[in-house]
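Okay, so chain A shows up in both of these, paired with chain B first and chain C after.
Entry: the complex of A and B
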């Protein structure tokens, strides 16, 4: 098991290193001069020189890359180039709460609905329930989350007046107040997750249900529910674990647009602002931060796989 | 006729309709999509225009018709480009199992660990707002998905006897990959490409919706949806028409993708035969 853990941790570190290099390269190949983009057309030559010196843009690329790696090791993602004096880590952490809560609620909705509908569909294969679940899943993967969000606002906020249209209340104002602001965004985001997860869960369980040991379980005279729950779902949950990793990646991506729809002051709106203001260091930092989160989650799931399935550990 | 066959036929008809509308946009659109008629702003459907007018009095139907060009162009181009790039990486990565293959697949896995929207957004920030740049950004984002599928197929196919025989009679690697390995990996590749078409349509409208996709003023379903956002109560037809168009096109593409998968993916079609 130790060898497996070491291999996985090294793999994750390597991924973070590759991401760091990609993020740095991406933001360094911007056509033209970053200083010019940030300061605009009215900037004088002096302004541009000062800006370049202040942000170390005159240094050769390998020096900047080394500085970027060094900063990463110290947990420093640099300074925002449009909000002078603000550290990228500080800005990101300041916007973390709404995104983490939105991602958590959306994942809860997505995973629970997805696994439930996927399992029901597989167990009742070819029946009405299978058909209905898979239609729902198809709608989930096809409906744009931002359009669903606007429809939810129109119905539940503007027409019925049950929930706020947009905005956010921090958790320090009380959990229920925060929840009111997050119900609709989480539903909009979670529904498409549910679609993806339901299709995967169904396929995984169908695969397991067609295995020989399921026939053996039935021929032993076990009741059908026991065959499905104990032998089927349990084994199909192993590949479904990977779904959680995929779900985190999907939720973080979807959160960007959902936050714009619901005007949530999270990481997504920070990203969009960074792009609009051409704040490349902030953009680079956000990329890095999100990559570390997703790599961490995937590493955790890989390790969990090792615990749940001995074949992976010793394979 | 079975319901499934019917839904596939209906989807194919819808996609064909959108393609025809996009090709003949200049003939079908009754007005210039950017013609401003302030006195008719937020005009309701039927009131001098088919599906209403937006906040500048522009004819919504004309904008939708021209917007279909962007959705199809971006969707199809991103799907084709990522299929091309992904096939190359997947074939090379799967066939050369040494360091080159390992490095290629490590990069692919790393890119895949990024949320697609975030990666596409970052690339748009670097490249700038142009339709061609949306295609590049989305292609880079989706290349890994194709690469993974082709890589998995290549790993299996390279071990088959006929590939070993071809190698033994001295067939060169490029010819071996293109003539012997690729044709057998085409099924899953085709299926994945059809899904990427659908993802790319949603992604383009998402990027345009938040204002980093098509340049300002260009009619795209995502930008029309963004225009309708401030008029949910007073002019819901703006948001409804654009959103419904994206939804129906993506749904149709997904139904076609599912049908292709059932037809071309041997493992899944075996499962459905077991029904």
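Entry: the complex of A and C
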């Protein structure tokens, strides 16, 4: 077991090192830098040179790479070039709350809507409810979240005046206040997730409903709802959970556009701004943060397999 | 009868009270009043709020509510005192003595003295902004409320430079200057302005609140100067990237001002009784820059052929579309400014393909590709690039249009070996001092000894009439040498809710003297 753990940890560290090198290399070859964003397009050549020197952008590549590795070993992802004086770690951590909350609410909406539509479509196969659910699912997959978001703002903010147009209130201002700002973006993001889940849930449940044990359950005299809910849905959720897991990751990606539209100060909008403004340090830092989190989660799950299933022994 | 009479008296009293309150309400409606939070939707977030460190208008639109300058432009873009009370110039024209208004407080309660003004001006000079080009020998205090700027030679434009919005010689407490140093940005947002900085939530907003100890000038508002009275309790600048969201938020009442609006949103909102739509002039103009240092752009005949071929009306209509949002005007300085000139403008908007072909023939053009570089995301630049490409191909040029994102485009433009022409836009200047190739900066090229001599004379001339004549001569050179080919002026529409009172439609918005009448 110990050997297994050591190998997994070493593999994770190697992964992080490779990602760090790739991240640095990618940022180094991207043309342009943050000078014009910070100084304005009327900046003189002297202004730009001074700016680059201040931020070490003119240093030789091996110097910058060594500085990058050294910072990583200390847990220091550097300072943002455009947001002067702000540490990358601080910026990333400060932007996590909106993204995590958005992804959570969107996933709750997406999963609950998706499972509901999928189940309804399966149990009413061939009926109007089946068609209606699948049309909604198709819309969820096809409609761009950006477009849906704007239309939700038109309806709920402008026409009805129920919800704010854009912006964010942190949890410290009160859960309901935060929720008010997240309802529309979560709906826009969750709707597409719901579409994917609904189709898979329907397909999986239809397959389970046709199994022999389902016929046995009916022949035992169980009511149909009990057959579907207790035996059907529970068994069909196992493969559906796999899709749900993937869709949660996709929600995080979709959050980028949603955050820009709704002016949510999350990791997604931070990433977009860093890319557009060529804030290399910030881009590298965000990339590393996501890589470290992903590697760490995968490492944890790998180690968990070894604990949960004693058959998994590579020592 | 007595009962009726008694009741009538009460009724009359009630009637008079109601009438009086109604009169009071109607008298108060339209009067400036304190209160409320003004919410402004802007398209981007600045990197910092150091006006001395950058020419970006996003910084200025926020920061000039809490930072002020010694002088500021009036409605004619002439400098008038702001934190200064006046100035004198020595007989030899080399020493400017500026007196400060007394009793002006910073937001931290400290009084503004010459020590703060000297430190602030020195920093602006050392950072190489406009004043850095003035060959300033010394900046020093001349008493508690006076300072001197000593020049190596007499110049007539010092006060203009101190007033210009782009030079932004903002005045800070000396402690804030010392903390920032020359290389760092100002992060202490203590100023003397009518509003003070409260909070900056990155990715969301900057929040300001009224500075109750602010002392407005005892004179009428005049352009960006005069009395600046803070009425609203707070100003919240929100960073709303998506134009549709800005427009919808304005309609819904979540924003009081949205800038800029798209032409489609402008058309829609003009019929909304709750919104006023403004187009402020001057604003920007579009032009074609030539790489005058090398290659095709380095040849005068090539630039003259481009100038002859370009149909400005077609370019502006195609790029901007809405005729209410652009105008054809040849002035290198904007029509609304005192420096507007028409010298050389007979060469503007020739739209003469035949003449252009003739020039190309005399030049011996051999089909060498003309490299036009444009960004993909800045409108109307990309549209202009596409239209001009077609116009140049129509006269027989081979055109290679290369498009990149903004940051890459700017990187490419710094390399003279990689481009010949590029569409650019230029935001308005109060004064020719800030024009390209007068103060330095992009684009490259246009090295001309005659132009340099004229510019030098312009900088040194203290007589405004003679300075105007020199400027006319420089203006003519823009059209003869064609370092740029101006296309036309364009404007950004701004939407403002009708409950916002006191708003003045200046080219760059501000919110002193503005109140909310809900």
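By our rule, the second predicted complex is superposed on the first by the 195 of 315 C-alpha atoms of A that agree within 3 Å, B and C clash if a C-alpha of one lies under 4 Å from a C-alpha of the other, contacts with A are read in each partner's own complex, and residues count from 1 in each chain.
The rule we apply is simple: a residue touches a chain if its C-beta (ideal position, glycine included) is under 8 Å from a C-beta of that chain, and two chains touch if they have at least 3 such contacts.
Everything quoted here is computed from the prediction, not taken from an experiment.
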item	value
Partner chain(s) touched by A:276 [first = chain B, second = chain C, both, neither]	both
First (chain B), second (chain C), both or neither touched by A:138	first
Touched partner set for A:47, first chain B, second chain C, both or neither	second
Chain B versus chain C as contact partner of A:150, first or second or both or neither	both
Partner chain in contact with A:123 - chain B first, chain C second, else both or neither	neither
First (chain B), second (chain C), both or neither touched by A:161	second
First (chain B), second (chain C), both or neither touched by A:39	second
Partner chain(s) touched by A:205 [first = chain B, second = chain C, both, neither]	neither
Which superposed partner A:18 touches (first chain B, second chain C, both, neither)	first
Chain C-contacting residues of chain A that also contact chain B	31, 150, 153-154, 158, 260-261, 276, 278
Footprint of chain B on chain A - complex, ascending	14-15, 18-19, 22-23, 26-27, 29-31, 125-126, 138-139, 141-144, 146-147, 150-151, 153-154, 158, 203, 206-207, 210, 249-250, 252-254, 256-257, 260-261, 271-272, 274-276, 278, 280, 283, 286-287, 290-291, 294-295, 298
Interfacial residue positions of chain A with respect to chain C in the complex	31-34, 36-48, 50, 54, 82-86, 91, 94-95, 150, 153-154, 157-158, 161, 164-168, 260-266, 269-270, 273, 276-278
Chain A partner contacts - residues on chain C that touch it in the complex	45, 47-48, 53-56, 128, 166, 183-185, 187, 201-205, 238-242, 244-245, 248-249, 251-252, 254-255, 404-412, 414, 434, 436, 440-442
Chain A-touching residues of chain B, taken from the complex the two chains share	106-107, 109-111, 113-118, 121-126, 128, 198, 202, 205-206, 209-212, 225, 228-229, 232-233, 236, 239, 242-243, 246-247, 250-251, 254-255, 258, 268, 271, 274-275
